Every structure is written in C-alpha cells, then in structure tokens.
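There are structures below to look over.
The two complexes that follow have subunit A in common; it is paired with subunit B in the first and with subunit C in the second.
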Partner chain A sequence: MNYFYFPLEQWTNTFVNEWFLPTFSSAFESISVVLNSFVDFVTNTLLFIPAELFTLILVLIAWRLGGKGLAFFTLIGMLYLGSVDIWEESMNTLSIVIVSTFVSLVIGIPVGIFSAMNNKIQAVVRPTLDFMQTLPSFVYLIPAVLLFGLGGVSAVIATFIFAAPPAVRMTNLGIRHVPKEVIEASKAFGSTSKQLLFKVQLPLAVPSIMAGVNQTIMLSLSMAVIASMIGAPGLGATVLTSISRVNIGLGLVGGLGIVVLAIILDRITQGIGQNTK
Partner chain B sequence: MSKISVSQITKVFGQNPKQGLERLNQGYSKDEILADTGNTVGVNQASFNVEEGEIFVIMGLSGSGKSTLIRLVNRLIEPTSGQVYIDDEEITNMNKEDLIEARRQKLGMVFQNFGLFPHRTVIGNVAYGLEIQGVEKEEQIEKAKQSIVDVGLNGYENSYPSELSGGMQQRVGLARALANDTDILLMDEAFSALDPLIRKDMQDELLRLQKRLGKTVLFITHDLDEALKLGDRIAIMKDGQIVQVGSSEEILENPANDYVSNFVKDVDRSKVLDASQVMRRPEVLTTYKNGPRTAVRKMEEFGASSIFVVDRDERFQGLLTIDDAIRSHKEDIPMEDVLKQDIHKTTPDTPLNDLIGIAVETKYPIVVLDEDNKLLGIISRVSILSGLVLGKEHDEEVTEA
Partner chain C sequence: MKKLLITLTAFALIALAACGGSGDSNGEGSSDNGSSEDKGTITMGVTPWTSTVPPTKIAKLIIEDMGYTIEETQADVSSIFMGLSRGDIDVFMDSWMPVHQNYFDEYEDSIESTSISYEDASSGLVVPTYVEGIETTADLEGKEDMFGNEIYGIEEGASATEEIDNFIEANNLDFEQVNSSEGGMIAEAQRKISNEEPVIFYGWRPHTMFNEFDLKVIEDESGEFFESSTIHVVTNNQVSEDHSDVYDFLSNWSIPIEDVEEMIVKIENGQNEEEVAQEWIDNNQDKVDEMLGN
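This part shows the complex of A and B:
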C-alpha cells in the first residue's frame, strides 16, 4: 500500500520541537507551576492530617452517604492501607485523583453545558471526546512529559485527557434529557435562559452529572498505574516497582490499595448521586 | 379591544420556511408543500379574537396544528408570519426582554402532561413564576398558598409531584398558572391526560374558577364534548387552518362545511342541548277568565285529555285533566282545587341529559318555568327524543347527510 511516503512522524517532531515548544513553553511553564503547587498543596494537606483523623472523617462521610456497610468497609480499608505501610503512597495517589477530577469537572461540566445548549458546539465536542478516549494513553504521555516534565503535573494532564470525557458527556446527556414540557413550562412563566439553566435544567441533570463525576473518578484511579510511568508518585509507582523487580507480593499490596480507594470513592460518589434524585 | 387577537398567524416547520410560506400564499395545499419542499405547515393563516373573560376553545384532531397555535401565542414557537396581540400590544415583534415580561405578567400556561418540576415541592412549583420575577419570599409563599387553596390542594404544599395522582398534579399545574395572577390562561390539552371522572371534576373546577376570577382562557382540546362544555366560543381547526368559529349551538346547528358536520355528527346532544331548545309552547287555559266548561271545550278542540293552567300573569298553576274538569263542573268545586300539582318543573337552562330520566318516569310533560314561575314551555317525551336525534328541526338535513 505504500504508494507514497507520508512523513507524519518527522513532521510532527519538527512541528513540536521547532515551533510548538519554543512558542508555548512559557505558557506551559505557568500552567505547570500552578498545577504543581495545587498537587503539592493537596498532598501535603492529606499527609498533614493524622491518619486516624482522616480515617474517622472518611468513615463518617461513608456512613452518611453509603450507610453502615460502607462505613465498615472504609474502616477496614483504611486499616489495610496503614498496616501494609502504603499510607503515604495512597495519599499521593488520592491527591492526583482529587486534582485531576477537579480539573476535569471545572472544564468538563461547562463544556457539557455548552454542548447541550448548542448543536454546533456538540458537533465539535463529540469527536474530540472520542479522540481523547480512544487514543492510547501512552501516546499522550510523551507530549505531556515534553510539555510539563516528569512528575505529578504530567500525570494530572494525562489523567485529565483520559478522565474528563464522561463528565462532559453525562452533563450534556443530563441536560438534554430534561423533559421538553418542563422546559416549556419554565419558559412559559418567563424564565430567562440563565434561570432556566440554574433552576430547572441543572438541578434535573444532577443525577446524570453525578454519574459522570463517578466515572471521572474511577478513570482517574485507573490511570494511576500508567501515570506512574511518567514519574507520578503513589500506588502506581509501587505497582511499577513490583513489576520491574518481579515482586508479586508488593504488586498485590499496591494493587489492592488501588482497589480499596476505588471502591470507597465509587460508593461515596454514587451515594451523593442517589441522594439528589 | 380584544384580550387576545391573532391575525394571519402562520408557522411553517422545516429547512426553508420562507419557501413554504410563499407557496402557501400562492394557494398550494399543505400536502403539496410537503411533497415539493419538505416543509410542514403547522398553522396556516389562523386568525381569531378572544374577548376578556371568555373561554375560547380551539378544537381539532391530532396534527391539526392546535398545540402549535397555542405556542405561537406566547412564542414558545416562533411564528413564520402573522401577528399576535395581547391587550393591543404586539407580542410577535417584541424583543427578548419584553417577551419575558409579557409572559410573566400576562400569560399563564397549563400543559397536557403537567410539565411540573419534579425536583420541587408543590409549593415550590406553584411559587416558581413569582420566584423568577424576584418577588419577596413571604409574598411568594402567601400567593402560592392562596392558589393552592383555590384549586383545593391545601395540605399538600410540601409533597413532591411524583407523590400525587394525575388529577392532583394537574391541580398543581393550574395553581402554578394562577399564582402569577395573569389575566390570561393558556391551556394546552390540560385535561386530556386525565381519566374521564377526574377530567369532569377538573372541567367543573375550571368553570368555577373562571366564574370567580374572570380569567380569559384559551383552551386547546381534541375532545368535542369538552369543547362544547367549556367553550363560550369554539374554533375548529383542520390541517392548520381554522374552519369555523362560533358558539356551541352555532357549530352544532350550522356547521360551516362537511368536515365540521361530520365532526359534530356523533356528538352527545343531551349534553349540549338544554330544556329551552326542545320545549314547545303549549295551549294554555287562563284561570281568571275561563271556567271548567271552557276547559273541556278546549281539550275537545285539541284532542287532548289535559291542559295546562296559568294565571293572568302567565304564572303556572297546575295541570287540569278532563276528568277533574268534569268533576269540578258537576260538583261545583272551584277549578283551582282540582288542579294537579305533582308536575315536574325545570328551568330553561337545564341540560337535556338531566331530563331524560324524569321524562321516562313521569306520565305528564315536564314544564319549563322561569324564575318568576312563568310558564315558558313544556317538554314531552317525544320532544326529548326528537331533540336527541335531530337537534333542532332545521339541522335535519345535516344529521341525515
């Protein structure tokens, strides 16, 4: 099939190295600084809180939103993280999850709202999301490292690309699924578009948006191992080490840690979604 | 000045509505335009006026464009051409802000599937219109509570719509429209989703509220019985056009074309016709100048075995049978004392429906009296039956067609 040679590789490299990076490096530098201090702040806060107090708070939240069973599971899970000595790694992973979820939602929910309001925006947004979700994550790890260097910030960016689409999609879907007659009623009584959005569409879309938030968190966690390849600290790094040393035990310890965090975060966010229905 | 005035309003749905509009003006039909341009004509040059305090019903089958038409009035759907005026203010050329203000101040709306906000309580739903206008919280609650009482839902303020039955949900819908205290209520098939008994309740409720509050109501329905019951005037729609506007009697008695006459053919006339429309004037005997002898002679003359008796002011006295007349004459009893009094009496606006049962049981005709007891007419079994079958005499041809 090679009737002609298409030098995509060379062109991309030339484009990125000779124009893109020199032109935008300062912009990326500042993004990097902001995100880095955000990640550091969250990590330091999580590590500053005594493990016992953190456990207590999390158990109470779990109890409130998920019931007794979840509270009990949370307690056991936290005891596990402490007793296999991966507390610090867990907090590192958690802070990357928190920051990348935050970034995903801050960008994703408004994009979801705009694409629900306007079919032209949706026509652009949808293929972009497809692209973000299907492109193998290793491919965008490289530019992330090029632009932001090794470490937590690149991990947040890569995680954002992977985890933001559900937030956009579910927000869009939730707003579009508000019954037509309810929207007509709101308009017929003289709502402005802002009142329609904030008093009717968004409140009714909350269950759907919360399902998106839940998915975003889950995808962030599943990026933890991959992100550790570009130097993100945390449970992913533990797993990565276990692979390079062929240490099955260490792999299980780190892997179970990710599972524990995943279950707790999943059930708590589902609880929030259900409470608002 | 009409409360609502709609002039030549037209809505063409599709990619290129202007093209569809041109063809409409050239006189092409709805089907031809759909075939040629792919445009759907929703409403075709509809014009009508609704007067203050009137219930104006737009009646048509599904697809006739009636729901589009009501949405053109408050511009939930933008018209392709034509004008709508509310209180002589043109709605159709208003900017966004003025339109929102007009919707808030002048136009309440009730929807077929209620359109309630599921995340708000009953009072939250009812207060919505006031809330978005920025009315003080206490005033919102006070007005909302008043409308909730008006529709008979007090005690349910803090329930959610999903906890209520269909009929109660539509009461919330009605209360929400009343709370804004607009002069006009737009009701889009408001009772169509309710089962027949609840629907009847709601119709009565609406008539009562309308009487008390004097709202101007534009009511959409596909149910002719409902239209005839509620409407002071009725517009019949077909294929996006208004084919006839008139009172229920006008429409029943003088259908504008075959479509309308076909439509009203099966109507339950007993609900529409009232006593005054089927009664006939009887031969009467006036007490002050006629004695029993004259009575007997009159009965012979008309071949009847009884006659109705009135006093000099035409007030109903009773029924005189031939036997009693002879007895009065022979035994010299005053005629007043032998009159039969156990005659069923009714008022001219009583629906025929209510008289059928009585007519079956009583052996004498029913008498129709006005508020001063004046004898207006009598209704025999025969006249009830012929009324049901034929309407009034002159639409015989229609019903046979």
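This part shows the complex of A and C:
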C-alpha cells in the first residue's frame, strides 16, 4: 500500500526535538513544579495522618454513603493494606489517583458543560476524547517524561489523559438529558441562562456527573502500574517489582491492594451519586 | 483506472518476488548443504533492549540457513525466562550475568547457559562529561544536592536497582534512587542534558546512550559494585537433544562487543536490522564458519 512515503516518524521527531521541547520546556517546567507540590502535599498529608485515624475516617464515610456492608469491607480492606505492609505504597497510589481525578474534574466538567451547550464544541471535543482514550498510553509516556520529568507529575498527566474523558462525556450527557419540559418551565418563569445552568441543569445532571467521577477514579487506578513505569511510587511499583523478580506472591499482594482501593472508592463515589438523586 | 491499478499491482508483485528470490540466492554462499528442507521451528526471545537485536538477527539468519524456521517472540525479560523454562522459547541471545542470576536460580532445572556471547560489558553510574569534578564514586560524597539528591535507575526489582541501593547505603550517600524503565530513565537524562543540568543515572554498555550523549562512567574505587557483565546465550534444555546442530552452533557463538555497539548505532540510524546482520555475516565469514564447525 505504500504508494508514497509519509514521513510521520521523522516529522514528529524533528518537531518534538527541535521546536516543541526547546520552546516549551520552561513553561512545562513551571506546570511541573506546581503539580509536583500538589502531589507532594497530598502524599505527605495522607502519610502524616496515622493509619488508624485514616481508617476510622474512611470507615465512617463508607458507613454514611454505602451502609454497614461497605463500612465493614473498608475496615477489612484497610487491615489488609496494613498487614501485608503496603500502607505507604497504597497512600502513594491514592494520592496520584486523588490529584489526577481532581485535575480531570477541574478540566473535564467545564469542558463537558460547554460541549453540552454548544454543538460545535461538541464536534471538536468528541473525537479528541476518543483519541485520548484509545491512543495506547505507552505512546505518550516518554513525551510526558521529556516534558515533566520522572515521577508523580508525569504519572498524573498520563493518568489524566486516560481518565478524564468519562468526566467530560458524562457531564455532557447529564446536561443534555435534562427534560425539555423542565427547561421550558424554568424559562417560562423567567430564569436567566446562568440560573438555568446552575439551578436547574447541573443539579439534575449530578447523578450522571457522579457516574463520570466514579469512572474517572476507576480508570486512574487502572493506570497505577503504567504510571510506575515512569517513576511514580506506589502499588504499581510493587507489581512491577514482582514482575521483574518473578515473584508471584508479591504481585498478588500489590495487585490486591489496587483492587481493595478500587472497590472502596467505587462504592463510596457511587453512594454519593445515589444520595443526591 | 481499475485496470491500470491491477497491472501495477501485478508488476509490483513480480518485482517483489524477484527481489525475494535474488535475496535468498546470495544470502550466504558458503554454507555447505544448501539445505532448504524445513527442520522445524526455533523460537528466539527478543527483549525491547537495543543490545538484543544484533546478535539475535545474526543468529536468526544463520539458523535459518541451516533449514529452520525462526520465530521471534517479543516480551520483557522475565517473561522470556519463563518462556525459556517452559520451552515456549528455545533461545535467548542476551542474558546478562550476574544481572540475570536470579532467573538462573529460579529455572536452573530447565535452562542452560550455552555460551558466552561477549565479556566486559561495563556498567555503572554515569554522568555527562560537562559535570566536572566527578570522576570516581568517592567524589560523589557531599555533592548529592548538585544532582537534586536523585539517581535515575531502571525498573523496580532489577538487580541493578538493588545494587545501586546497596551502593548508596554502603557509601552513606544522601541519594534516592528513582526507578522507572530504560526509556523513562533515558528520557529524563535527555531532558536534563538538553538543559545542561547535572544528572546521574545508570549506564551500561553496549548502549547507544554513549553515542548519543557525551557520558563518562564514574569509577568505583572500592571495586565492590558495578562489576562488568558477561553476556550469555541461554537455551532451553531440550534444544541440545532436539536440535543438536543449532545447539552446536550456539555453543560456539561469540561476537565482539564493539561489533554489537556498531550495529546498534546503524540500526538506530534507521538501517534495516537484517541488512545490518547480513553485513556482519558477510564481513565475518571466517568467524561464522568457525561457529558452524566448518
């Protein structure tokens, strides 16, 4: 099929090495510094809180939002993380998940709102999201390191690319699915478009938005191992160690840690979504 | 239009066939029995490391000439050793000792080191040449903050990673090792080197990092750490029984480290891997004959 040769590889390399990196590396450096202090702050806070206190708070949250069963599971899960000695790793993974979910939501929800309001924006946003979700993460891992350096920041960026799309999609969907009659009624009562958005559309879209948040958190956790390939500490690093040492047991220890975190976070965020219904 | 396309396609196919044919015939003139019968399939393990490709391609061309079909399985090193132990993979050309000793301990019953490919592959901590005043590991003491107190290493759990940790501890250095992967580490080094910032990371030969950047290996005066590696060819135990001719060839295998480095550079510059391998065979026909026992 090669009727002509398309030098995508060479062009990209020249573009990145000769123009993009020299031009923008200082700008990205400052983003990197800001995000890095954010990641460090969350990590240090999580590690500063005594494990017992953290467990207690989490169990209470789980109880409020998910009921007794979830509270019990949370207790067992936290006991597991402590007793197989992966507490610190879990908190590292959790802080990357928290930061990347935060970034995903701060950017994703407004983008979702705009694309629900405007079909032209939607036409640009949708293929971009498809691209973000399907481009294999290994493709942007190394560029992320070139821009942001090894460690938590690159991990957050890579996780953001993979995990933000559901937040955008579900916000968009939630707002678009607000019944026409409701909107007509509020317009008839003379609400401004600002009031319409914040008092009618967004509140009605909350369950859908929370479903998006939930998906974002789950996808962030699933990136934990890949994030460790660019120097993010945490459970992913435990799993990678087990792979290079052919240590099946260690792999299960780290892997189950990710599963425990995932189930707790999943049920809690689902609980928030249902309570607001 | 359609007809034209079909005609063009036909021509292209004929041209392709002709090329393939001529390629085969001048492949390797001196092998004796001109064997074309299929003796079976040999599976070779290929890691993503740059150093694996040249020896693997050379051995592939030679074994193919013996009448075998070669299959290449791409995987990371632990999967390759697991495959070797189960017999899914027959040959791995790029086992680093003592770095891969842990796999030998794990699978000693089912795999064997068949020959030494090359020796004296040095490894250690490297810094760019513009970093002045760091020549030996003793120079690192008290200068940790110059490097942001970070040493960049390869994967978590690799032997080199453990060794660097031990090295930091034994010398009471205020360093923390940041682990990622070969690509991640090189990208970070590239980032720092493009800004001429000091950076210290794990380096080994043969690797194109020495061609791409101006690097110097920091000498370890104690001699306890970073001993140079020996590269082995590893085969599954069954190979010596089932394919004795391949086994005999591999047990005579050796290649100079300089040749491997040279080939890596050519491949990274975009030359076709098998062409580079064929070139080596053509230039080293006497060595190839020796390995084949001719």
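The rule is simple: the second predicted complex is superposed on the first by the 277 of 277 C-alpha atoms of A that agree within 3 Å, B and C clash if a C-alpha of one lies under 4 Å from a C-alpha of the other, contacts with A are read in each partner's own complex, and residues count from 1 in each chain.
Keep in mind that, in the parts below, a residue touches a chain if its C-beta (ideal position, glycine included) is under 8 Å from a C-beta of that chain, and two chains touch if they have at least 3 such contacts.
Since this is a predicted model, take the numbers as computed values, not measurements.
Clash-free side-by-side placement of subunit B and subunit C is the outcome of superposition onto subunit A.
Set against each other, subunit B and subunit C touch different numbers of residues in subunit A, with C touching more. Applying the stated contact rule after C-alpha superposition, one finds that A:192 touches subunit B and leaves subunit C untouched. In the superposition on chain A, A:203 contacts subunit B only, with no contact to subunit C. In the overlay built on the shared chain, the residue A:242 is in contact with subunit C alone; subunit B does not reach it. When the two structures are aligned on the shared chain, A:181 is found in touch with subunit B, with no touch to subunit C. Within the superposed three-chain model, A:145 lies in touch with subunit C and out of touch with subunit B [touch as defined at top]. The gap separating subunit B from subunit C in the superposed three-chain model is 38 Å, by closest C-alpha atoms. Residue ranges of subunit A in contact with subunit C, taken from their complex: 21-22, 25, 141-142, 145-147, 149-151, 228-231, 237-238, 240-247.
Contact residues on subunit C toward subunit A in their complex (touch as defined above): 76-78, 81-82, 102-103, 106, 152, 155-158, 178-181, 183-185, 187-188, 190-191, 194-195.
Chain contact summary for the complex, subunit B toward subunit A: residues 71, 74, 76, 100-104, 107-109, 111-119, 128-129, 131-133, 176, 180, 186.
Those residues of subunit A that touch subunit B in the shared complex are 179, 181-182, 184-192, 195, 199-200, 203-204.
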